[in-house]
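Here the chain labels run A, B, C and D in written order, and each chain numbers its own residues starting at 1.
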Amino acid sequence: MPGSTYGKNFRITTFGESHGVGLGVIIDGCPAGVDFDEDFVQAELARRKPGQSRIVTQRKENDGVQVLSGVFEGKTTGTPIGMVIYNKDQRSKDYGHIFDKFRPSHADYTFHAKYGIRDYRGGGRSSARETAARVAAGAVAQLFLRSYGVTVKSYVSQVGHITIDKPYQELDLNLIESNDVRCPDPKVAAAMEKEILAVRKDGDTIGGVVSCVITGVPAGWGEPVFDKLHAELGKAILSINACKGFEYGSGFAGVTLRGSQHNDAFYTEEDGTVRTRTNRSGGVQGGISNGEDIYFRAAFKSVATIIQDQTSVNEAGEEVTVSGKGRHDPCVLPRAIAIVDNMAALVLADMCLRARGNRM
Amino acid sequence: MPGSTYGKNFRITTFGESHGVGLGVIIDGCPAGVDFDEDFVQAELARRKPGQSRIVTQRKENDGVQVLSGVFEGKTTGTPIGMVIYNKDQRSKDYGHIFDKFRPSHADYTFHAKYGIRDYRGGGRSSARETAARVAAGAVAQLFLRSYGVTVKSYVSQVGHITIDKPYQELDLNLIESNDVRCPDPKVAAAMEKEILAVRKDGDTIGGVVSCVITGVPAGWGEPVFDKLHAELGKAILSINACKGFEYGSGFAGVTLRGSQHNDAFYTEEDGTVRTRTNRSGGVQGGISNGEDIYFRAAFKSVATIIQDQTSVNEAGEEVTVSGKGRHDPCVLPRAIAIVDNMAALVLADMCLRARGNRM
Amino acid sequence: MPGSTYGKNFRITTFGESHGVGLGVIIDGCPAGVDFDEDFVQAELARRKPGQSRIVTQRKENDGVQVLSGVFEGKTTGTPIGMVIYNKDQRSKDYGHIFDKFRPSHADYTFHAKYGIRDYRGGGRSSARETAARVAAGAVAQLFLRSYGVTVKSYVSQVGHITIDKPYQELDLNLIESNDVRCPDPKVAAAMEKEILAVRKDGDTIGGVVSCVITGVPAGWGEPVFDKLHAELGKAILSINACKGFEYGSGFAGVTLRGSQHNDAFYTEEDGTVRTRTNRSGGVQGGISNGEDIYFRAAFKSVATIIQDQTSVNEAGEEVTVSGKGRHDPCVLPRAIAIVDNMAALVLADMCLRARGNRM
Amino acid sequence: MPGSTYGKNFRITTFGESHGVGLGVIIDGCPAGVDFDEDFVQAELARRKPGQSRIVTQRKENDGVQVLSGVFEGKTTGTPIGMVIYNKDQRSKDYGHIFDKFRPSHADYTFHAKYGIRDYRGGGRSSARETAARVAAGAVAQLFLRSYGVTVKSYVSQVGHITIDKPYQELDLNLIESNDVRCPDPKVAAAMEKEILAVRKDGDTIGGVVSCVITGVPAGWGEPVFDKLHAELGKAILSINACKGFEYGSGFAGVTLRGSQHNDAFYTEEDGTVRTRTNRSGGVQGGISNGEDIYFRAAFKSVATIIQDQTSVNEAGEEVTVSGKGRHDPCVLPRAIAIVDNMAALVLADMCLRARGNRM
């Protein structure tokens, strides 16, 4: 069974290569009656787009999305929503020099080993350009989730060794879009930006961490025992290019806490709502949302494409030199924000619909 | 869509509550012709079983599995393999005192919120006892993977603040089963054991980290763009009770490395095999195995059930005290090893079969 | 991907061979809160059971079902419902004479060709005994559908050349269970019974047609463009052993009608309900229920096991004689009724839940 | 869960409305290395296309397909194949007069009841124009199946009361494309054509039967117990617009045969191949192909759109008159051939890949 579909009830299937004719997505299962705000979809794509600031790749991509179906007179109709983004400024010729080379820590070799044939231009299907299709779909998921009052907000919390030390509760998440890094702490953002520019100057790249906070999810979303809410979030986020780790709630750091320190005590609010006094559970207990904020962190490694020369092999097994050329992306984190937000939205939309089958 | 099925081509569906009549699993898609070593299945269950040593819960569970179908004259037949484990020493009466209480950091409240009704005895469906069914299925996956030479080895690499500092390459993984903790470094194991006993004495619990190493996977397993090998491993491991995080290869620590430091250089072995000189990729590139060892780490929080009194609420929203009673599990890590091994095996068996469709 | 799962949101997975230890089913996705009437489940199994009358096989099977999970204090809990039926009176030795022979028009050869190994006893997985698991699951689907007022009623409308000529509207469907054939027209039933007994006397078998009427389905169930309501019904019914054809509404006979004769005119009832004056559409338009009765017909061929000697080949390709022995089933139609009813119920339960995702 | 995906391992998802921007399909799971003959895809679309002869609708549709991804240097790459067909000659204004009317025996009312909103133009998603996407995908399935030597050939065997009386073995299937009706018996074809023209003249429509013969399928395809080969064929064919029935092998007529008459005797050919002397099984036994020809028949009702005035209701429940206008299709059978062929090819491609998991 192939792997380009995500979701069960709100499900997307993407297609497209970096330098082919175009890429796109079908959303099947979006309920009828959602106000389709095409400008919002386009704005989300703009947040992912290359060339949007001086700290990301200067490659130009046309991320103009065309909606082909499933929307009528401004509303979704319940039928599949097809969206396509045509490739334009592809410069396929830029890739002639690597057509049979396996670039280090790229997917050239594994695609070759798996399929025996590959579109080598710009990474083909393995290119992060594919995530544009996910962002378009996730933006629709966000439109659907609006009626539930759910919001998803990611931000850059680490670049290289530079980190935000505060928990998300002490940050003003309205500041995320106030700087190019998309870090809600202006001072840390400035340091991160400086670091990224230094890395770029060296023709090198650097990794970091994205933190994400989801508010407004009611208790009851998530499908044990395998499709637990956090497990689906984990899979969705780990499927983003360059992601190496996922943790939610107390995460890796929390393992040193004893049960008596880690447990979140329940209490009842005046209106009868059951709440927890702390939230080390990260808004998910037993794989099901409990009504508290959901938060997680995702690790992104440095981008594999660097300007410096590297030793590698080609399809014939011969030693070759891979030389970086032209435009490269020193740090994906600022753009990854849009991808994390929208992948999370896709998971939540799916879980929302799946929960509709829970009771008589 | 419900959530008790994992896998596409090698797929399992589990059922069963902690204190119901029994639990079990159907494996659908196991190829015909696998030597069915029932003793091995039983041995894997024994590794997960409570009461196996003084550092785990003393609760007794009968994990004797009965194979109902899909095996004929010692071999799998390609038809569904049904397996059932009957519950015995359940002591359901032990749970009368909590029937309407929401135990802190358990799934009592979320199941109640989701379904409006729940089998409260021992956590019901949310109990880690459900993982016995997964272990039985994963053991069959291991039997299938034997013909590919694939091995999966997990070990405890952290308990509370006590950690193994060495990478797995410097450890003797044959020592994993040499101690009750299942830590391949005997000195560290002794310290961990001491810590667990101290925690138990306090009526408390403690978390830790499991590391896992998979060898023998050929290049080509994993189905981009969503069902990447590491994303499926992440989901499967995160779906295990108490798991809070997953990282593979260089993980969270690796984000501070620059691309020039992080990239794994390719070279060709004498027999023509393409290899990488380092393995920060963790054996997976672009979501597809590259033939190197696959390794990952998983964070497990401290168990929620503690002996100390805790404040909580009941279904009516009233404040109540939850008191621990009887047997508790101070640290799940030693038993989680078997679950991690077998969930990983399930992912690999599925990916192995899915890769059969990749080429003409 | 294997094939023992049916349904998406209300989904079942069956396991088990005719002469193995047992067979069973997991229902995953049954909503919480359904009154679980175990007697009803057992009664449905009794309708499918061999040996219930003199016109069906005298083989004795113990179809006592054991519920292992998913039900608590008389109600479904939303978690998987595991059910198992142990095999008893199997007489495996009866099958020693055919262990390597391919019985004509059975699945012996195709299972051999597909898997290279098979449990030859009584047809193994290909035995119609597997349908007991479906009936148990379908009975639970019926319990769920009760709250929607949906009823499913099948009856035998043809045995050999003996047919009911009246449309279902002119029959009293309360008479279905009044005779062993399960034909609501007593006179025709008597003729059918006579025919079946004559066929039995010859050591032969005979086929027929089952008609099915479903009432109470509201407008809106069915998921175009592939999972249309009638297409799912067709698949489910065709998957029953010996089924050779499926038609709904006007069916094959209707193709001679012109559009002006075939179209069902709409009108509005006093309460505003949109209805059709005729129902050649069979209650489904564009793959979605329209609120009218759903009706279909299914063809069942004569059973392959006959008492007369037949020429065949064995696994070595040698010519052999297959001799019928002991108990055989002259006509499956009377028992197939229970299977058709319950497969239809499974389709409807699934479609009911799937429709919950259609709108905001 | 939505319904616009067909297949598991070779899976397609379609999108698009009759009068929206465009429609299309993603094929996910087509193995790498298939020679991609775009002309063949286009030729298959031409066979389905309106306006191709005087006996079908004169509506003009542009069925030019654009391949967006998954093909590189003339071969499939194993990644999703995205294809889009833009709508052109839509004449949306033609539909202003029916925007709130429910046309008899169309899906207007059921889509309205299900989604609360619908693209009423030309039937929107329920239009048979959607099948163009299926044909494009099925053509790729045919390209894949070529390497297995599998061929699929459908023909018109009945129009109204005019039928071919011969079994397919006595027909020259090379004559299918020799006439506009796509009936391999020239005399019968002429009578059918005459009938269709008479029906057109009356502003009316007529139904018929498509027969289909599949050769070259090896023994072993089909996944019991639910995804039997004939059950999947049944579902796929029944999902085509206007299809009311499906039968394979001996079908409905065969139910009058006794077991001793119906069973297909096995014998061994000189090269050791196991064959059957007759083929009432229709090439499928126990849901698995047995190596013989697979054949089935499908009933198609008369098209609902007629020129004559009809009484109906509108969304407000008021009685209205629906008047046919302009172009109508007197008989879909000649064009349905291409849809049946390609839906069958999609089923076979999927089953071929699924069978790869059957054995070690």
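Brief remarks follow.
Convention: a contact is a pair of C-beta atoms (placed from the backbone, for glycine too) under 8 Å apart; a residue touches a chain by one contact, two chains touch by 3 or more.
Each chain and its UniProt protein: A, B, C, D = Chorismate synthase.
Note that the structure is predicted; figures quoted are calculated from it, not measured.
Counted by residue number, the contact pairs of C-D are over half the same as those of A-B, the matching pair from A-B, B-C or A-D. Farthest from subunit A, judged by the mean position of CA atoms in each chain, is C.
As a whole-number value, the distance joining the C-alpha centres of subunit B and subunit C reads 39 Å. Taking the mean of the C-alpha atoms as each chain's centre, subunit B and subunit D sit 46 Å apart. Chain centres here are Cα averages; for subunit A and subunit B they lie 26 Å apart.
Residue positions 1-5, 8-9, 14, 29, 32-33, 78-79, 114-116, 125, 224, 357-359 of subunit D each touch two or more of the other chains.
Those residues of subunit D that touch subunit B in the shared complex are 1, 8-10, 29, 31-34, 78-79, 144, 147, 224, 353, 356-360. Those residues of subunit A that touch subunit B in the complex are listed here as 1-6, 8-9, 14, 102, 104-107, 109-111, 113-116, 125-126, 130, 158, 160-161, 199, 202, 204-209, 219-220, 222-228, 230-232, 234-236, 238-239, 241, 244-252, 254-268, 272, 274, 276, 280-282, 284-291, 297, 299-306, 308, 310-313, 317-319, 354-355, 357-359. Across the interface of their complex, subunit B is touched by residues 1-5, 8-9, 11, 13-17, 20-24, 26, 28-29, 32-33, 66-70, 72, 75, 77-82, 84, 114-119, 124-125 of subunit C.
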